[in-house]
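Below you'll find a set of structures to go through.
One chain, subunit A, appears in both complexes that follow, with subunit B as partner in the first and subunit C in the second.
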Partner chain A sequence: MKKRYPFIRAVMIVVYAFIFLPIFIVALMSFNASQYGTFPFVFSTKWYVRLFTGASLGGATWLSIWFSLLVTLTMVVVGVMTSLGLKRSNAKFAKVFSALLNMGVIIPWLVLGVALLMIFNFIGLGRSYLGMYLGNSICVLPYVVLLVYPALCELNDNLEFAARAMGASPLRAFFTVVLPGIFPAVAAGGLMAFMVCFNNFVIQYYLAPFGVRTLPLEIYNMVRVGYKPDINALATIMVLVSTALVYLVNKLGYGSKRSLL
Partner chain B sequence: MTKSKLSTWLLMLPSTGMLALLVVAPLAVLVFASLIQGNNLALDAALSLGNYATILEKGLFFPLMGKSLAMAGSVTAACILLAYPTAYGLAKCVGEKHRNLLVVLIIIPFFTSQLLLIYSMMVLLQANGPVMSLLGLFGRNASTSILYTNFAVFLILLYEFLPYMVLCLYSSMCKIEDNQLYAAQVMGAGKARRFLDVIFPLSSPGLLSGIIIVFVPAAGSFVEANLAGGTNGMLIGSYIDTNFSVSLNIGRGCALCVLFLLVLCVITLIINAVIRGVAGRRL
Partner chain C sequence: MADLKIVDVRKSYGKKEVLKGVSLTAGTGEFLALLGPSGCGKTTLLNTISGIVRQDAGQVLVDGRDISRSPIEKRNIGVVFQNYALFAHMNVFENVAYPLRLKKVPKAELQQRVGQALETVRLDGYAPRRIAQLSGGEQQRVALARAIVYRPDILLLDEPLSALDRKIREQMQIEVRRIQREIGITTVFVTHDQGEALSMADRVLLMHGGQIIEDNTPAEVYLHPKSAFAADFIGASNVLEGRYEHGRVNAGGLALPVGEQAVSDGARVRALIKEENLALLPPGQGDLSARIQDKLFLGQSIRITLRCGERILFALIPAREAEPLTVGSDVDLRVMGASVFAL
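Let's look at the complex of A and B:
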């Protein structure tokens, strides 16, 4: 298949340019002295200085990081348990269960967020950290199961049987044989969960306690008020971080051949 | 045997509980709340279909729903047009070495915050920004902007969802064997025939999941319209949102959500049937 494909090549160039031009411009503007992101270009690093000295974005970033870590760690445990259970359950139950699990992905987050706010108001929980935690967890869980369950199914069962036959307890067999075997998928699921939670604006918009601003909420407020050049600096850093994370996921073997979806 | 049944049951307990309490129960409460007038969410509240009657009478629902569906439809169509050649190129034309890098590049925006993607598109499109300055060279007034129009919302949604479509199509095109394409070529099928009779039917599962993954969230989007849509940018998502965050009419907001979900269900079923039907006939 070593032929020239002028049309496909042209479309690919347009697509990649479309995807990376805005990111590139934002990175460029983050070094531009102009307050309004306009030309002419004058080099400056003052927005990075402001980003790290100004309080609002920094605080929101930390809140988002530790909150997403908490959601990710707990949901990876639940996700792995679910995958183990799904593999042992009968086919009919597994089918119904995964259909229900996929609903969490297919229902627009707007509707899910509103519905969760309703039920939390109804039971008196309202907008709270616990509510925000639960809402983000249910959004994240399907992604973990979607990545871990197929890996678990591909694992050779005989290894576990052998460990059990040699006298290992179920728990020991899991930690010494099964978990190392599915570790890349678990790590990829964890990274995916972290990113989904970290970036989940809509759910946090409806469920975050009043006055508490996670990073997406903070950015939303800043963008709505007007152009803020220190977001450029933040965006540049975040794109670099997500590039590093994507590279990690890819290294773990879940980037190229297997789709993330 | 019973012991292993018990352990399976225990393993499934947390997630089953979460699904029941955080997906099924909230949706039930949503339907219940849609039957309540105003904001009095209590078990003994009087139930009626009043909210639905007001919504259908007032006539804001249909135009906004139509506009959202048109927006989501055009975004999905543009995604398909751009993503098909790209996914084909990634799966079949690019060398092994470049492929990995190119796929990773497509995944990056997918991992970047939705808000930052919206924001970077707004920076690109703003008055006196890069695009308008460029257009200014061709005689357009650079201090006006296409930002705060429906077209800007379209571009932002396209930008957000294009990677999803490319990844969905790419994963199913990887499964098409080169031999099948060769065979079609040897038998004399031209480019169009090869696409219609081989590539399209075999990639239809990816196309289907791509359409659903793009269309459904695009139809329910409201952040893009709130930030970049300007005064005429309202979509059904923003209308639902205003009932909760601005005008506070919980009953009506919930009824809107229920209607919106129903419309989405019907459309998803139609898309499913159409793609399966067309692809099935081609196989």
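Let's look at the complex of A and C:
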């Protein structure tokens, strides 16, 4: 950034401060001994200890992790297959189909959640793990396709043809050449899917079976009764894990320079 | 090693007919160049041989065996693509080993054959390198090694040199030809660069509008084109339309002596005179006079713009001969060779 643009520079600093300052404060407070986030700052790790020993959040965290992993893995597979299909279909169909698919992003999740609950109640599924899985999948799939489809279109078709000419079956060519070629996008799609699913409070609020609490639901429950700094500790860990995941995907990106992650 | 035969292949995309019944044969070990302007169907024709494009009608025969219904991977054809299509996530060795691994070649033989292929393209010692570390010419060599390592019946090259710098391109022309001769593989080479086609191929097949309109040795195609399109497309020519009478073409007040031609007297003709076939002589010694209007320095040669009556003609002459010719001076012209076609 050159000094010739002081205004743009100032805007940039404000925007970044807006994004990062709250996260920084949460992280700072997670190490503060005071229960109400008051100064003077006294370093302590007791909230982390309580987070892990208190066990109030452990179950919810694991549920969220394995549930999000399940949604992510299945929707990455479906998303890659959808992208392949879109690429092979004619332009008009692809346009209509992707517009429909993107409804999962455009329609407010609140509306989607209520609508799905009504349908699930109507067909007798009600609040259930399956319902929650379907609801989250709908929200996650567009993100995977939005990332994977352009990468697939950008990938040189001749890579696949070259592999085929050398004797690879279509399936073999896909796994040895096409998939590695779009891997950064698939990984990014998976990461995005995981994040969206992991954080999807609204859908889970409506569709989770009674008595089952994923992490967002558990946090909501806790905050409703009273805010404790062990949530700061949890938030800090989640930020660190997310950052590490993004970094990892970037490293695995086969040196793709255009990756924005 | 095998011969290739294409019989009446047709292909349309929607209403656009890209291949209008193309037939050709290539003997074992022969090197064919498919030459033509973009959109002439040459790449589509190549893709019907490899199986990337399925033709609407017609057959592709390798050693008499019809492969035109086989999937790409069952055809045993080597393809080098314009942008090489190397696998960036594998190193040089793995790229070349890829087809052998598919065929489950034992490890010792695999290593020996990959080594041999890399040696053939003069890339010994490059095996552990990453693709991104290679120059364009080196990538081209890897693509070539990968396309020949599994001993395909036919080798297809789709404008493989067009992305290279001029110097490396000329080097690779010689290399590709050497490798092709060395392993004696039947080769079809697609290019829009006539220099490349003329210098590399045993036979040049000129394509235009989805058809092969000329099929001959490079020298014949260049010196004795059978069609006006070929005469115009290959080399730079002066094109004149007029009436042929007694060894002359009368066009716009100009009577160009073109020698005896196989067209009847009084016929309307198109005459094409290659720029290098227009000789410049001192005034009074040639067949018609002209004035030098401009000189364009091209390096080894010079393109001279001549005003000849109302017409503009171009002549290409060696640079050292152009030194005494100044803009504005008068010269005489002589036509050293012309192609004349009845309209």
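Operating definition for what follows: the second predicted complex is superposed on the first by the 241 of 261 C-alpha atoms of A that agree within 3 Å, B and C clash if a C-alpha of one lies under 4 Å from a C-alpha of the other, contacts with A are read in each partner's own complex, and residues count from 1 in each chain.
Criterion: a residue touches a chain if its C-beta (ideal position, glycine included) is under 8 Å from a C-beta of that chain, and two chains touch if they have at least 3 such contacts.
Predicted, not measured: the structure shown is a model, and the values here were computed from it.
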Give one of first, second, both or neither to describe whether A:177 is in contact with subunit B, with subunit C, with both, or with none.
second
Quick check on the superposed pair: does A:140 touch subunit B, subunit C, both, or neither? Answer first, second, both or neither.
neither
Taking the superposition as given, does A:185 touch the first partner, subunit B, the second, subunit C, both, or neither?
neither
Using the touch definition from the top, say if A:207 reaches subunit B (first), subunit C (second), both or neither.
neither
Looking at A:23 after the superposition, I want to know if it touches subunit B, subunit C, both of them or none. Which is it: first, second, both, neither?
first
Quick one: name whichever of subunit B and subunit C touches more residues of subunit A.
B
Tell me which partner A:163 touches in the superposition: subunit B (first), subunit C (second), both or neither.
second
Counting only touches as set out at the top, which of subunit B and subunit C does A:233 meet: first, second, both, neither?
neither
Let me test your reading of the model: by the given contact rule, A:195 touches which partner, first (subunit B), second (subunit C), both or neither?
first
On subunit A, which stretch or stretches are contacted by subunit B in one complex as well as by subunit C in the other?
255
Mind listing the subunit A positions that touch subunit B in their complex?
1, 5, 7-9, 11-12, 14-16, 18-23, 25-26, 29, 36-39, 78-79, 81-82, 84-86, 88-89, 97, 100-101, 103-104, 106-112, 114-119, 121-122, 134-135, 137-138, 141, 145, 170, 195, 198-199, 201-202, 206, 215-216, 219-220, 223-224, 227, 231-232, 234-235, 238-239, 242-243, 245-247, 249-250, 255-261
Residues of subunit B defined as touching subunit A within the complex:
4, 7-12, 14-16, 18-19, 22-27, 29-30, 33, 41, 82-83, 85-86, 88-90, 92-93, 99-100, 102-124, 126, 128-130, 133, 159, 162-164, 166-168, 170-171, 174, 178, 209, 212-213, 216-217, 219-223, 226-227, 237, 240-241, 244, 250, 253-254, 257, 260-261, 264, 268
Which of the residues in subunit C end up touching subunit A in this complex?
50-52, 71-73, 75-79, 81-83, 85, 87-89, 98-99, 102-103, 132, 146, 150
The answer for subunit A against subunit C in the complex is residues 156, 158-159, 161-169, 172-173, 176-177, 180-181, 183, 254-255
